[in-house]
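Please read through the structure below; I'll follow up with questions.
Labels run A, B and C following the written order; every chain starts at residue 1.
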Amino acid sequence: MAMFLIRRIGHGILVLWLISVAVFALFFVAPSNVAQTLAGRQGTPETIALIKHRLGLDLPVWQQYLHFLGNAVKGNLGYDYYHQVPVTHIIGQALPITVSLALGAAVLWLALGVFNGVISATHPRSLADRGLTLFALFFYSFPSFLLGLLLLYFLYFRLTLSGFGWFPAGGYAPLTGGIGPWFQHLLLPWVALALLLAATYTRLTRGSMLDVLGEDYIRTARSKGIRESRVVVVHGLRSALTPVVTQFGIDLGQLIGGVVVIETVFSLPGLGQTAVVAINQQDLPVIIGIVLFASAAVVVSNILVDIGYAVLDPRVRLH
Amino acid sequence: MTDVLLKVDDVRKEFPTHSKEVVQAVAGVSLEVHKGETLGLVGETGCGKSSLARCMAHLYDVTSGSVWFEGQEISKLSRKAMRPLRRDVQVIFQDPYGSLNPRRRVGSIIGDPFAIHNIASGNERKKKVQELMELVGLNPEHYNRFPAEFSGGQRQRIGVARALALRPKLVICDEPVSALDVSIQAQIINLLSDLQREFDLTYVFISHDLSVVRHVSDRIAVMYLGKIVELAPTAELFGQTRHPYTRALLSALPVADPDTADSREQIILGGDIPSATNPPSGCRFHTRCPKARLDCAAEEPVLEPVLDDKPGHRTACFYPLTVGEDLSTAVPDLKAS
Amino acid sequence: MTAAIEMVDVLDEPKAIEGRRPFSLAVRRLRKDKVAMVSLVVIVLIVLMAVLAPVFAAVTGHPPNEQYRDIGLTPDGLPRGPNGTFWLGTDDLGRDILVRIAYGARISLLVGVLATAITVVIGVVLGLAAGFLGGITDTVLARLIDVVLSVPFLLVAIALVSVTGPSLTVTVLVIGCFSWASVARIVRGQVLSLREREFVEAARSLGAGDRRIMFVDVLPNVIAPVIVYTTLLIPVVIVTQATLSFLGLGLPPPTPDWGGMISESQNYYTTAWWFILFPGLALLVTTLAFNLFGDGVRDAFDPRADRT
């Protein structure tokens, strides 16, 4: 087990390092006119050179990279070009928003997906099964921006017009300002995200539940006269949930850098939106910092999922 | 006396396992295959027959030892250098289901040898393939069918057609009929022997079933746990059985068979087949041999002519059987005196 | 051979067994799937719309980029709703939304097909190589797959497009180069077990080289999962392209594309519902049709979940 862990973590670090090289190369090789922008329209060549020097942009790319890597290992991801704020600080501010969004949505999509999946699996090929599958696929097919805009249109715009101003147009209210506003601001994004992702979980739950319900020990439980609902929930669901939990771990990791559109549509200044702003301003340290941080989230969640698997099933460790 | 087509010299084949041990699938085998003959190879499942066959065809790299074909060592040739020799050495596989690609049409499967060796293409290839199909008793019109559309026996005919496409000199048949019904087995065996006559083929014929091997072989090698324990012309192996293991295999044959009248005794081998990762010391058969003595466990017998046998009959046993000896009453004695 | 067993050589020749051909069962199942068949019809209609886009322009008399600032906009300069001249209304520049939707279908489908094709080709080739060749090739490719799958795709795509400037080629390449890893992973997994199959050894015994075995013997056996994955990938690609457009990184204006149209409509959704509704509907119907069809394909190839 220790060997497995070490190897797995080693792979993770290798992958992150490769990503850092790739991202650095890509963005630093591309022509940048940040110095020009910072110097303003009237910037003389001297000021531009000075700015370049201050930002370290006059060094060869590989030196910049080594400098970056050396700092990154110490937990310093650099400073943004415009206000010299540490990138870690920027991430620290945006992260709680993205995490609130992801976790809240997760509660909803898990509940929705697992519930629908169980109903589908216990009534296979029924009208309910088909209906729920269609429902899940319908929202799965939605481009996230379209779903976001629709929710805003109906639940913010139309409702507010009708005098029910329950939902804000977007933006974020930190938890420190009370749980009410926080909840209010996040509800629509949660619903949007949950509807988009529920389909995967419906399908997963349905599939593994059907498998499990066909197994011998479930038949035995049934033949013993245990109530059907108990069979399904206590005996079936527990073992059927393994793939769901796996998928959940993977999805959570990906969401850290993957809720760009929902954050943009609902004006939530999470990691995704912060990155998009940074991209528009060519604020390379911020872009790289967020990309790396998001990749690390994926790598870590995958390792956790693998460890969970290895604990449950020792055969995995061999490979 | 006869020309040696293939020579196997002290070949070993080991497979690594997960736990750092090795499986000794083939543990030092030497034998010769003569031009035009059929050499039978029998042994229980897992004794290393397929591994030996694959070493012979250089589908596996041997762990040590060497394989020679027509005087040329082939066991260390690179894949590329081996390519031209593939035309001369062909394999018919055990599993008529697994050895045919389920996603390819039969015509293209049988045409593979022509395509790989750039021999014929287009209509010419098709014509050749259909001739082959006819030769092995398949309907040439089924050229475009998939393997799954054929029965087991027909599939083995496909395998035969593919192996014979390039008119090889040596065909290694790895249990070509084991997966088939008994009635179909006879058809395939007849087909193989007809083809042998027609094309002057040399066969290595592998089976775990002594009665099948006996019908087709000129000589028979008996294998146990990666080693040849007895090698003799067919009639001698049955008439003058020397190795206790061979006798045990013979005694399991149907009694009605007139040639085994003298060994009507039923010899039930005690114990399981020992593991190939951790084979018994000395004679590998000593854990199950009714005649085993203390020195059998200490030293390994060499495969050589025993008693008054001619050089063509070799046995690896310290206490070979004499003709008429009753093995069913023998008791092993492995205690130190 | 001595004493061959006497036996009449009967040609046992059963009729070709129904459904034994690769895919024939799957295709039959798919044909019976009503939802999938309806989706297929919808997909065909959308393709027709894309192909016949010039006909839409000819019939309405409105080229896709023509701005009818006089008849296409209200006196206040706002879009006009659906009417006899502009069947689905006009956009903020007085252009015909119907014609632009028809032309936009070309972009969505083109990107969907091209990027998916690139994805599948790269994924299949690298997956085959990794799984079949093993060793150092596999180690390197497996890490590469990990890298691509760990990167936040959309962020990097946005960053790349903003650096290179938006164009059809860039969109297709960016999507293709980031999506292949999942295909490669699926293919690799399949190949790892396929390469142990006896027919691979049979090919080797005939003298076939690695490349031939990979492409002639192994490849046909991974086609089923690749087909399933491909049908489900097309809608994902279409959505990604629309998302990039929505974020302003699609095709340079005035090229009509659905994501871009929806993005332009944002400021008007309080006053001109048709401006967002029709392009949104086009996009949703397309992805839904592909997803439903893909779901049917998946069930047809892997009916596991349909027993009972």
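Annotations for the structure displayed:
Simple rule for what comes next: a residue touches a chain if its C-beta (ideal position, glycine included) is under 8 Å from a C-beta of that chain, and two chains touch if they have at least 3 such contacts.
The structure presented is a predicted model; accordingly, all values stated were derived computationally and were not measured.
Hopping across touching chains, the smallest step count from chain A to chain B is 2. Ranking all chains by how far their C-alpha centres lie from the centre of chain C, first place goes to B.
Core chain by CA centroid proximity to the global CA centroid: C. Once the centre of each chain is set as its mean CA position, chain A and chain B turn out to be 59 Å apart. The mean-CA centres of chain B and chain C are about 51 angstrom from one another, to the nearest whole unit.
Note on chain placement: the centre of chain A and the centre of chain C lie 23 Å apart, centres being C-alpha means. By the touch rule above, chain A contacts chain C in their complex via residues 11, 14-16, 18-19, 22-23, 26-27, 30, 124-125, 133-134, 137-138, 140-146, 149-150, 153, 157, 206-207, 210-211, 214, 254, 256-258, 260-261, 264, 272, 275-276, 279-280, 287, 290-291, 294-295, 298-299, 302. Looking at the complex, you find that chain C touches chain B at residues 1-5, 7, 9-14, 16-17, 20-22, 197-199, 201-209, 212, 216-217, 220-221, 223.
On the side of chain C, the complex with chain A involves touching residues 35, 143, 146-147, 149-156, 158-160, 162-164, 235, 239, 242-243, 246-247, 259, 262, 266, 269-270, 276, 280, 283-284, 287-288, 290-292, 295, 304-308. Interface of chain B with chain C (complex): residues 38, 54, 57, 59, 79-80, 82-84, 86-87, 90-91, 93-95, 98-104, 112-113, 116-117, 137, 139, 142, 145-146, 148-149, 151, 153-154, 159, 162, 183-184, 186-187, 189-194, 196-197, 203, 215-218, 234.
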